[in-house]
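If you scroll down you'll find the structure; I have some questions about it.
Residue numbering begins at 1 within each chain, and the chains themselves are lettered A, B, C and D in the order written.
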Amino acid sequence: MDHLDLRQYAVHTDLALEAKELAETANGGPIPGVLSELLDEDGIKVSRVHVQTEQGSRAIGKMPGRYVTLEIPGLRNQDTGLQDKVATRFAQEFESFLERAGVGKSARILIAGLGNWNVTPDALGPLVVENVMVTRHFFELMPDQVAPGYRAVSAVAPGVLGITGIESSEIIQGIVEKTRPDAVIAIDALASKALERVNTTIQIADTGIHPGSGIGNKRKGLTKEILGVPVIAIGVPTVVFASNIVNDCMRLLEDHLAAHAANSGTQIMGLMHKMDENERLQLVREVLQPLGHDLIVTPKEIDQFIEDIANIIASGLNASLHDAVDTSNVAAYTH
Amino acid sequence: MDHLDLRQYAVHTDLALEAKELAETANGGPIPGVLSELLDEDGIKVSRVHVQTEQGSRAIGKMPGRYVTLEIPGLRNQDTGLQDKVATRFAQEFESFLERAGVGKSARILIAGLGNWNVTPDALGPLVVENVMVTRHFFELMPDQVAPGYRAVSAVAPGVLGITGIESSEIIQGIVEKTRPDAVIAIDALASKALERVNTTIQIADTGIHPGSGIGNKRKGLTKEILGVPVIAIGVPTVVFASNIVNDCMRLLEDHLAAHAANSGTQIMGLMHKMDENERLQLVREVLQPLGHDLIVTPKEIDQFIEDIANIIASGLNASLHDAVDTSNVAAYTH
Amino acid sequence: MDHLDLRQYAVHTDLALEAKELAETANGGPIPGVLSELLDEDGIKVSRVHVQTEQGSRAIGKMPGRYVTLEIPGLRNQDTGLQDKVATRFAQEFESFLERAGVGKSARILIAGLGNWNVTPDALGPLVVENVMVTRHFFELMPDQVAPGYRAVSAVAPGVLGITGIESSEIIQGIVEKTRPDAVIAIDALASKALERVNTTIQIADTGIHPGSGIGNKRKGLTKEILGVPVIAIGVPTVVFASNIVNDCMRLLEDHLAAHAANSGTQIMGLMHKMDENERLQLVREVLQPLGHDLIVTPKEIDQFIEDIANIIASGLNASLHDAVDTSNVAAYTH
Amino acid sequence: MDHLDLRQYAVHTDLALEAKELAETANGGPIPGVLSELLDEDGIKVSRVHVQTEQGSRAIGKMPGRYVTLEIPGLRNQDTGLQDKVATRFAQEFESFLERAGVGKSARILIAGLGNWNVTPDALGPLVVENVMVTRHFFELMPDQVAPGYRAVSAVAPGVLGITGIESSEIIQGIVEKTRPDAVIAIDALASKALERVNTTIQIADTGIHPGSGIGNKRKGLTKEILGVPVIAIGVPTVVFASNIVNDCMRLLEDHLAAHAANSGTQIMGLMHKMDENERLQLVREVLQPLGHDLIVTPKEIDQFIEDIANIIASGLNASLHDAVDTSNVAAYTH
């Protein structure tokens, strides 16, 4: 129903981590104004990218702000134990992220689950809304009786433009103006440039949602400027362009060749070896698009994955938003 | 998740037609201030009830205003031909209804599909939203290119309090204030007092949605007073209280006995014969409620029915809202 | 799609416990040839009915054999803790039941999940099949590598006559002849005569499935005579006839009146007080059926309930069929 | 749950048409023993491939027999009019196919819908079963009353090994032995080597289903040898290996370069230009597999597509199997 604009000028990715890597490769080194650090434990890789300056922002094509990315290749294996560990880790990261973003312990939260119920790889947001614990109505209807350790949380799935005729941004704006939360958490399915990151990665960002990001084509964003309150975005790549799969494979092929024989790159891959990634992607698209082959694809197992990751995020949100919900066993509060 | 308040004082029904019949039986004749007329053709019975005065309103327990009810017993048989006829008839009735309600040909419409996706008998509203044709975004994004014969229609499913933590009334209010439609059409699943009307009846009303009506327990309504624009309600009874089934059966039993033997009513049914319907229902509830037996029930075939009736309403709305969609073949525009 | 035959001659119930109670009321005391015992602990009521003679069988209208019924009124409240307790208790009862039925520890099992995916109250069987652990393919493909404590279990959902054009009994027969299990466990949704037992009761029986039982109208049964191996039936009432709700309410009304004023029964209920249950039900049906009002209904919350009870049964089966799965924590093996 | 074996030795495709094209490219011309013809009208391309000899069979890696392929690139656009045209055309092709395969007008048919309900791109078979018209039970229960122009059709969805613990081949065998149809029609989702054929192609074959074909990994086939009656297979590619997308893109790149500059192929693509397709795919896999990147993917819009194509096939089957169903308006008989 809704389609991604093709970013003609660059590899399309919604992940700041990928954008940074691309820019570094092109630049031959670190990008000024973009700080990053990496942790790797227990099969969970946590990257923190901080885009500090406008210059850095332009260089990687992402808004200034903080981005935390959890990469968990093992998520593909449907291991319930690992899923619990990821929920706990996500809860911890998200809790500190909220703190750094100045969203206090008792700030009232509106969770906005973007995307389309009926398109499995785009259903992440609505599924999180369905699974997360909401409490705002208790605070409204019987404020004296709410146990300590909880805050007011509400959650809506605004639908997509093709179904509603209204930008999801406008719907959320209307609800924010009516219900006055202190912060918005926006959940969205994303596009990655690498098939390996699809269904294995969670990105948290304090930049909100910007036009053109996510699977649906958003013409208006969800940002602090628009909503008047901080917007934390949680995204999971669930799709990839066919052209990106091809391009990414060529990159891996180069690495592979480089590792095996010093000079064979050019010999085997010809000029494609010397092209930078954007040029090569350009060439691939020139070939695929007129034939209608540059489809957006998702792994065959998407139904199960979307359900699992929605549960992980809902559990993690419950634990990080309510002190009364223990981060050591977050899954119990979510069905 | 959300439950009906038990109306202790009276038989609960969301249908004005049933409320009027109850009041007439109690009153032994027509209710002052409540006009009604009845048409019956092609297996479709159309009743028009006009509650003209406050007195009439109090007598039947329904807001002053106009109510049109379509009763189609044959809908139970999953007859595709009949469904098309009902969609066409509904479109005609709804078109004149809009006119009488002062909603003009080019008035911009917001359709609000109330209810819960995950509770089949409460999923009517969201299903209509999913199936109806929306056009508002074309008017917003390329107003010059919209063909004549269309108007701006948008549609949202706000979810239920237990999922969102926000009254659906507040969500719709926020969206109305942001998008400024000229009228709202609210779709909701209802409770009937008679099992025979479940899944066979469509009610249209110009009174909006009031607290306590519908399957979900709404504390705040969707009315012209609240939203500032006319609110047309479309409702379909999909559930009934067990106590109402019992009570209704006793009424039928009386009619049956009366038809067969003049005096046997009292003999066979004892004092229950002499009780009025409210007293009897009171007695039935006294028995059922402490045992937890006064459940809200729905016919076994609800899954298929909800899908069919949502299609009928979506098709009918398409035809009545857009002149370019022909009422003679409304189904084609809906999937 | 498939409908119950109306049993003209008697109150329809698929529960032996209800059939026994009905017969006892009519008989004014215990039925010869029908033994029963009752345990009640932790909110779980366990009844064991043993129909020992042909005479007893005729008197209650159920096949000779053993019937165990778990009644858990609290299941209506969606309490996860209670659900785990019920799964554990069901596993224990089922394990002893298998033993008494002569189905040994290593007997290979075929689970047959009867019913229709697309009709929520009839979807119990297919949902259990989807959630239960199957192991037969490991025994077939790598028998040496199966850990001790498991047995060969397979599971199929044969569909319903209206979808397949084949009696589910014939499909299961074909699969039994091909795969040669030592016993069949058949799961089916049932009709109860009392709304209170709907969604709160599990019946286990060693009599197999007989024509006319279950929600779908089975013309051929699943029995030891037909399949050549023992057939254990697990059933959960998910629907009730409207006429049974009325009749059952009248019975409760009588009890209520009897408890409050010695002689008022006749006065208030007239001759209906003196009718026996079958006569009264006959009268109720005479009234409801010509009007098409004797629908089969299910509680509004059926979607959530069916999912919960399917999980309970799947967990319970996993624990009772495999020694390696601990009855103290059966839920973990089921998703 | 079930995964494709990687065919190490060759490009994996379930389409005979693709296998033939690959072999012809490698061979530099037509393959002896493999006849083919091509028709193109109204946006529907119909190819007929006849593998006449064992030699031809070995050369293209497909069983001897007849294969008809409908390619309809426009199916991606969700055009209802085109869908009706495709259903009609498919019905005509399938009817002549049955005739050529010696399956007579009154032959009793069993439709076997292979695949997994819960994995969207693998749900084609079960969805066709749900939508197709079954009649066998009428012939069994009231043979005198069946109108002329119909034949006995039944339909089952046997499930997948991971859910049932039984090979679907064994389940179908058991049902065939019990119900004695004259022919089996097996529906299955397939893998293509080219993303462009995913969701746009229907293959009909008289060779049955062979181990390793389809999305699920079938260890035992559904063939005339096994079932004793002719088996017609209908398959639709719904997935593709990531490595095939890359490989296919390289082939397109070559064509593209060849069309633009005579000699630039080698220059730009290096040695990869000179590799044959199998070698190149080998190289791509060497790179992708160790990284776990050679996923099986499906287009993002798979949910809607699977529903549409299942309807097309069900409508087409209804029209071709029953003379009383008119090929000019097949869609009406299917919901």
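Operating definition for what follows: contacts are C-beta pairs under 8 Å (C-beta built on N, C-alpha and C of every residue); 3 or more make two chains touch, one makes a residue touch a chain.
Given the structure is predicted, the values throughout are model-derived calculations rather than measurements.
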| item | value |
| --- | --- |
| Chain at maximum distance from subunit B, centres defined as averaged CA atoms | D |
| Interface residue identity across copies subunit A, subunit B - same or different by half | same |
| Whole-Å gap between the CA centroids of subunit B and subunit C | 36 |
| Whole-Å gap between the CA centroids of subunit C and subunit D | 41 |
| Numbers and ranges of subunit D residues touching at least 2 other chains | 118 |
| List of subunit B residues in touch with subunit A within their complex | 117-118, 129-130, 134-137, 141, 152-159, 161-167, 170-171, 173-179, 219 |
| Contacting residues of subunit C [partner subunit B, same complex] | 73, 76, 118-122, 195-196, 198, 215, 239-240, 242-243, 245-246, 248-250, 252-253, 256, 266-273, 283-284, 286-288, 291-293, 295-304 |
